[in-house]
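In C-alpha cells below, several structures.
Next come two complexes, and both contain chain A; in the first it sits with chain B, in the second with chain C.
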Partner chain A sequence: MPTMTFTIRRFVEAKSFSRDYSFEYMAGNTVLDGLIFIKEKLDPSLAFTASCRNGVCGACALRVNGQAVLACETAIESLAARYHSARLTIAPLGNFTVLRDLVVDWQPKLDRMKQVKPWLIPQDAFSADTGCRQSQTDFDKIRGYTDCILCGACVSECSKLAADSADFLEPFAFVKAQKYVADSRDDAPLKHLDPAIQAGLWRCMHCEECTAKCPKSLDPAEDIAKLRVMAFKKAMVNSAGAQHAQAFYEDINDIGRLNEAKLAIRTDGIMKSLTRVGLAYRLMKVDKLDPFHLPEPIKNISKVQKILKAAKEADKS
Partner chain B sequence: MKKFAFFPGCVLEGSAKEALDATIKVAAALEIELVEIPGWTCCGASHVQDMDPMAALAINARNMALAEKMGLPILTVCNTCTLMLRQAKSALDGDDRLKEKVNRVIASGGYEYVGFSDITHLLWVLAEDTAFWQRRISRPLTGTKVAAYYGCHILRPQKIMNFEDSANPRSLETVIRAVGAEPVDFPDKLQCCGFHAFWTAEKDAVFLTGKHVDNAVKAGADMMATPCPLCQMQLDMYQPEGRQAVHSTAEIPVLHLAQLIGLGLGFSPAELGINRHVSAASKVMLNQ
Partner chain C sequence: MKKVSRRTFLKWGVAAGAVAVAAPYVMMNKNNMFTSTLTEMAGAPALFDVLVIGSGGSGMRAALEAGRQKDLKVALMTKLVPTRSATCMAQGGINGALRHADARDSIEKHAFDTVKGSDYLGDQDAIRFFAEKAPEALRELDYYGVAFDRMQDGRMAQRNLGGHTYARSAYSADQSGLVILHTLFEQCLKNNVNMLMEWQLLELVVEDGKLCGVVAMNMHSGKILPVMARTVVVATGGYGRLYWVRTTNPFSSTGDGIGACLKVGIPVKDPEMVQFHPTGLAGSGVLLSEAARGEGGYLVNKDGERFMRRYAPDKMELGPRDLVSQAIETEIREGRGVGEGLHAAVYLDLRHLGKKKIMQKLPQLRQLALNYEGVDAITQPIPIRGTCHYSMGGIDVVDYKTCATAIPGVFAVGECSCLSVHGANRLGGNSLAEVVVFGKYAGNGAAAYARNNAFDGNQTALDRAADEWEQRFAAVSSRSSGSTVPSIRDRMAATMWQNVGIFRSRTRLEQAVRNIDELLEEYRSCVVRDTTRIYNTAFMNYVELGNMLPLARMVAMAALARQESRGSHFREDYPRRNDQKFLQHTIVTRKGAEYSLTYRPVAITDYQAEERKY
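Then we have the complex of A and B:
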C-alpha cells in the first residue's frame, strides 16, 4: 500500500506549529479517512470537524496545499496524482478564525450572513391557508441554490476577503442574497439586494476562486454578477463599480473599444481622478498613458450599435 | 506554421502597447502567423455582463463570428479576454435556444455565430508544444529565476478554461524552462492581482500587489512573468503603493509572457518595450 504523509498545520492554545503524520492508504481512501486514522491511531489530540462523510453536511472543508476541498469527498490518490507527491499540507480553511487545529469559527460568518436576510420575505398575497405557490419555471430558477451546504470552501481563497474582510461578505452570503432576489415568491428583493450592495457587492475582484472551489458546482461569482444586473435594473447605480461597468458598455457602443484615457474620470468623477495625478505622471513618464490618445471608432461601429440595441430588446422579451 | 485569428484586446492598443509590440515580434520569430481580427470589439473586460449580460454575449458572439469568417482559431494574449470569449462560447454551444436568441441579436448587424472557432491563449500554444520554438532560443536566460504568476482568468473557472489543472498548473513553468530560465515557486502564483476591483477596492488591490511582489522577491525571483497584461499592469504600475501597503522594499520587474520569450530569442529589452515598465526595468537590462 502506498504511504502518504500529511503535514498538518496545528493550532493549540494560541500556539501554531506543523506536524507530520505518515500512514498507508488504499485506493478510495479520502482525506477524511486519513484524518480519522491519524486521530484514532497516531495522535488523539488532533481536532477536526466532520459529520456526514458524504458531502452533505459541509463540516469537513479544509485546505490541501492551499486549496479548499471537502475532506470526505477528496480521494488521497487523486491528490497524490495532482501534486505528484506523497506529502500533502493540510490546513484549516483560509479567511476564517481558527479555533483549534482544523476547526474554524463559523459563528461570526453566520452572523454576518444575516445582513442579507437569507430567508423568504413572503408576499402579502400568501396565507397559511393557500400557501406560497410557485410555477415550475420559477422554481427551476432557484432550485440549484438549495445545494449550498455552507461548507465555506468558497470563502477560503476569496481574494477580497484575504485583503480585507471588514467591507465584504463571504461569497456564500451573496449566493443566499441572489437566491431570494431570484425567488418569485419573495416580496422584497431590495431587502436582500440593498444590504448586498452595502456589504461590498461591487468590491468583488472577479477572481473566480469561489466558483472554482465550490464542491456543489454553485457559482458565487456569477451570482454576484446577477445581483449587479439587478442593481442596474433597480437603478441603484450610484457607485464607482456600476459607473465602471457602464463606462465599458458605453465605450463599446461609441467606438467598439475601451477609451482608457477617459476611464478614470467616468468611474471616479473628476474630483477623485485628480487625486491620481501622481500616478498619471508616473505612467506618462514611461509613455504608458497618453491623455491625448483618442481612439477612432472601429470601422463597423454602426453594426455594433445595432447589436447592442437588439440585445436590449431581446432582454425585454 | 501555426496561424491564428488574433484578438489583441483593448489594453494592448493602449497602456500595454509594449505587449503588442513584443507579441508581434515574437510571433514572427516563431513563425506563428497572427492575422488580426478585423473590427474586433472589447470583450466586455469582465464588467459588461454586470450591466447587460445579453450585450456581453452578443459582442463576443460577433467577435467569434468574425474569426469564423477567417476560418481560423482565435488566439488572445490576455487572460480576461480569453475567459470572456470562452465563457460566451461555452454558453452558446451548450444551449441551442440561447444560441438562436443571440444569433437573432447579432443578425441585426449581419453576423452569424456557428461555433467552430476554438479560443486559445499564447501561453497554451507555447506550453502545448515547446519543440517547435525552443530550438530558436538563441540567448537562453540561464540562471535567471522567474516567478510564474498565472493570474485568475487563465485558470478559473476550470470548466471554462480547462487547459490544465487549475489547482496545480504547469504551463507557465514549462515555458519558463524552455527559455532556459528557472521557475521559482512562490505562494502567490495562483492568486488574484485585484486589477478588476481597482476602482472599487483600491487599497485591497494595492495590498495584493505589494504582497505578491514581496513574496516573489522573498522566494528569490529576479523577475516575475505573467500571461496577462492586466496582471502585468497591476503588478508593475502599483509597486510603489504596494510597497507602502505591506511595508516592504521589494522591487522587481514584471514581464509580459511575450517579453520573456523575446529575451530568449535575443531581442533587447528596449526592442521588447521593457523601458515602458514602471518598476525595475533597469534590472532586466543588467541581466542581459
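Then we have the complex of A and C:
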C-alpha cells in the first residue's frame, strides 16, 4: 500500500504549529479517512468536524494544498496523482476564524447571512393552510440553488473576502439571495436584492474562485451576475456599482474599449475620484495606469455599436 | 503602458472602492442570534422556558413553534453547526395523504399502510393522529419555502415509496431532507431563534422528579455549564452508530439524548427495533439507493452466482429489504462473500446494464462507489452489505399529542423518540413526516407546559452535576493508560453487528450482553488523551460512547427477551410472529448498572393484527 504524509496546520488554544502524520492508504480512502486514522491511531488531539461522510452535510470542508475541498469526497489517491506527491498540506478553510485545528467558526458567517433575508417571503395568495402553487418550469429555475450544503468552500479562496470582509458577504449568501429572488413563490425579490446590494453585490471581484471551489457545482459568481442584472432591471442605477457598469457600457459603445482613467470618474463622480488619487498614483508608479493615455476608438467601432444595439433590442423583447 | 488583466484591474477597483464607499455600509451582527457566550457572560446560569436539544428536522420544527411565541425564552442547542444533522441525508421523500398524485389515497389508507408496515407494533391512535396531521405539515413546509417538485397544476408532486399503496411522498429531487432541513433553518433565522450551536448536551438534571435543566459543554470555549430550563425537548436523533461502520447514519447519531433520558429514569421503548438496509457500501456503510436493484442490478457472491435465486426465485433482487439483507448475510456467513470482519461483502453488479444506462440512470450511485470504494460500477462490481438504517425504538413518549415523557417538563421527538408510529418497521418517507408533524406538537407541548408551570428545579443540584462533569473531564482527559475510545467502540460495533444484527438468536444475544458488559467495565478506565478545553472532540467522542454502550446493552437485552420475529427483528430460533405474547412494547429502564424490562400493550383502535403479506 502507498504511503501518504499529511502536513497538518494545527491551532490549539492559541498555539499554531504544523505536524506531519504518515499512514498507508488504499483506493477509496478519502482525506477524511486519513484524518480519522490519524485521530484514532496517531494523535487523538487532532480536531476536525465531519458528520454525514458522504458529501451532504457540509461539515468537513478544509484546504488541501491551499484549495478548498470536502474531505469526505476527495480521494487521497487522486490528490497524490494530481500533485505528483506523497505529501499534502491540510489546513482549515480560509477567510474563516479558526477555532481549533481544522475547525472554523460558523457563527458570524450564519449571522451575516441573515442580512439578505434568506427565507421565502411568500405571496399573499398562499397560506400555511393551502401551501403554494408553482409550475414545474418555475421550480426548475430554483432547483439548482437547493444543492447548497453550507460547506463554506466558496468562502475559502474568495479574493474579495481576503481583501476586506467587512463590506462583503460570503458567496453562499448571494446564492441564498438569488434563490429567493428567482423563486416564483416569493413576493418581494427586492427585499433580498436590496440587502444584497448593501452587502457588497458590486464589490465582487469576479475571480470566480467561489465557483471553482464549490463541491456541489453551484455557481455563486454567476448568481452575483444574475443579481446585478436584476438590480439593473429594477432600475436601481444609483448605486456605485451600477454606475460603474453603465460607464463600462458607454465606453464600449463610444470607443470599443475601456478607458480606465475615465472610468473611475464616471463611476463615482469627480469628488469621489479625488479620493482615489492615492491609488492612481501608486498604479502609475508601477506603470499600470497612464493618465495621459486617451484611447482612440477601435477600428470596427461601428460593428461593436451594432452588436450592442442588437443586444438592447433583444433584451427589450 | 502594460496591459492590465481584467481580474487585476477589478481588484484595484474594489480596493479603491473600499476606501470610497465604506461609510454607507450597514452594520452587521445587529441581531446576533447565536448566543454562544450567553450563560457565561451573565454570570448566573440562564433560565430557558423551552430548551430544544438537537437541530435535525424535529428540533428545528419544535424550536420554531416555541420560538414564535415571543413571550417565551427559547433556545436550540446542538452539538454541530445546525445544518449538519442526519435529516439532511434523507433522499426519498416525505409522506402525507395530500391526494395530489392519486385521488384514491386517504388519511385512513396512510394510517393503515403504516400500521401494517409496523408489523402491528405501532400505536394506532398515534398513527392515526400522524396521518391526519401529515398533509397540513407538508403544506406548511411548502409555505415555508421548501422547493418541492411540482405537478402540472403547480401543487406538490408525489412519488411512490416502498410499502405504500399510493404515491404519497412529496419530494425534492433526491435531496428531500437537505431541502427541508435548510428551509427550516432559514425559518429559524427569520424568527430569531436563539441557537447554542456547537454545544454538546452532557446530562439532563432531574432532582426529586423535578427537572432542573441540563449540563452541556460549549465546544467553542470548552466550558462545562449548567443551563436551567423549565422544559427540555430532546431531539437528538437515532442510535444507528451502535453499528459504527455498518450504518447509513452520520457520526452524530450516537443516541446522546436517549442516554441522558435513561440516566434520569425515563425508559426506552422497543430498542430492539432497528432497521437494516440491504445495500450499504462495504467499507463505510454509505447507503446505495434501492434504484440500483430497481434498474436491474444483480446481487452476486464471490463465485459470481446470482444467489437471490435460492432465496426469492420469483422476485430475485427485488425481494423485500429484510429478505434481501438476510440473504446477503447468509452468503457471507457460509463463506461465499469477499473480505473480512465488518467489511465482508457480496457484490452489486451493474456491468451488464452498460455504460450508457449507468450514466443516465445511476450517475450518483456510480459516483458514490467511485468515491468510497474506489470502484467504477461500469467496469467492476461494487462490494456491498446490509447496513443499519433507522432506529424505530427510542425515548418512551407517553402522550403523543405533546410528546411528553414520564418526567414532567421533559419532551422527546424525532428519531430519538418512540411514540410509537413505526412499530417494528418504518416505511420510507414516514420519518421525515413524523419529524415535522410531531416537532410542531412537541414545541407546542413544551411551550404550554412552560407557561403553566413555575420553575421549581433545584439549582444546587444542577451546579453539582456540572461540577461532577468538571471533575470527570479532569480525570478522564488526563488519564494515561487504558483502552482508547475508538477501540472500545469498534468492539461494541462488531458485537452488535455479529450478534444483534440482521440475524439474532438466544446464544448470540447472550454473547452480546456479556461482551457489552465487559466493554462497559473497560469504558470506566478508558483514555481520551487530550487535556485541552477548546473544541476537544476526543472528549466529545468519549461522551458519545458513554451514551452508546448502555443503549447497546438494552438493544441486546430487549432482542433477547422478544422471542418472536416481527418487522426488523428476526430471531432464527423464533422465526414467527407471536401476537399472543408479544403484541406489546418493550419498556427498558435503567437504574445505575441495573436494567429492568417490562411490557406495555400496543394501542389498537382500528385494525386487528393480521399476517403481513406484500
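Keep in mind that, in the parts below, the second predicted complex is superposed on the first by the 277 of 317 C-alpha atoms of A that agree within 3 Å, B and C clash if a C-alpha of one lies under 4 Å from a C-alpha of the other, contacts with A are read in each partner's own complex, and residues count from 1 in each chain.
Quick note on the criterion: contacts are C-beta pairs under 8 Å (C-beta built on N, C-alpha and C of every residue); 3 or more make two chains touch, one makes a residue touch a chain.
On a predicted model such as this, the values are computed, not experimentally measured, just so you know.
Once chain A of one complex is fitted onto chain A of the other, the partner contacts of A:Lys299 are limited to chain B, with no touch recorded for chain C.
Once the two complexes are overlaid on the shared chain, A:Glu170 sits clear of chain B and of chain C alike.
Of the two partner chains placed by the overlay, neither chain B nor chain C lies in contact with A:Asp194. By the touch criterion stated above, A:Asp223 is placed in contact with neither chain B nor chain C. In the superposition on chain A, A:Met205 contacts both chain B and chain C. Counting the residues of chain A that each partner touches, chain B and chain C differ, and the larger count belongs to C. Of the two partner chains placed by superposition, chain B and chain C are both touched by A:Ser159.
Judged by the touch definition given at the top, the superposed model places A:Ala128 against chain C, while chain B stays out of reach. With both structures placed on the common chain, the touch criterion links A:Lys312 to chain B but leaves chain C unconnected.
159-160, 163-164, 167, 202-203, 205-207, 240, 244, 260, 268, 279, 283, 287-290, 293 are the residues of chain A that lie in the contact sets of both chain B and chain C, per the superposition on chain A.
Of all residues in chain A, only 12-13, 26-30, 39-40, 44-45, 47-59, 73, 75, 77, 99-101, 103, 105-108, 110-115, 117-120, 122, 126-136, 138-139, 142-143, 145-150, 159-160, 163-164, 166-167, 176, 180, 183, 185, 195, 198-199, 202-203, 205-207, 240, 244, 260, 264, 268, 272, 275-276, 279, 283, 287-290, 293 touch chain C in the complex they form. The residues of chain A lying in touch with chain B in their complex are 65-67, 82-83, 157, 159-160, 162-164, 167-168, 200, 202-209, 211-212, 219, 221, 225, 228-229, 232, 239-242, 244-246, 248-249, 251-252, 256-258, 260, 267-268, 279, 282-283, 286-290, 293, 295, 298-300, 303-304, 306-312, 314-315.
Across the complex, chain C meets chain A through its residues 1-2, 4, 6-7, 9-22, 24-26, 28-29, 31-34, 36, 80-81, 83-86, 88-89, 136, 138-140, 142-145, 147-156, 172-173, 175, 178-179, 182-183, 186-187, 189-190, 197, 219-220, 250-252, 283-284, 286, 368, 371-375, 484-486, 528-530, 532-538.
Listed in rising order, the residues of chain B touching chain A in the complex are 10-11, 13-15, 38-42, 44-55, 57-59, 62, 101-102, 104-106, 108-111, 152-153, 155-158, 165-168, 187, 190-192, 194, 196-197, 199-201, 203-205, 207-208, 237, 240, 275-278, 281.
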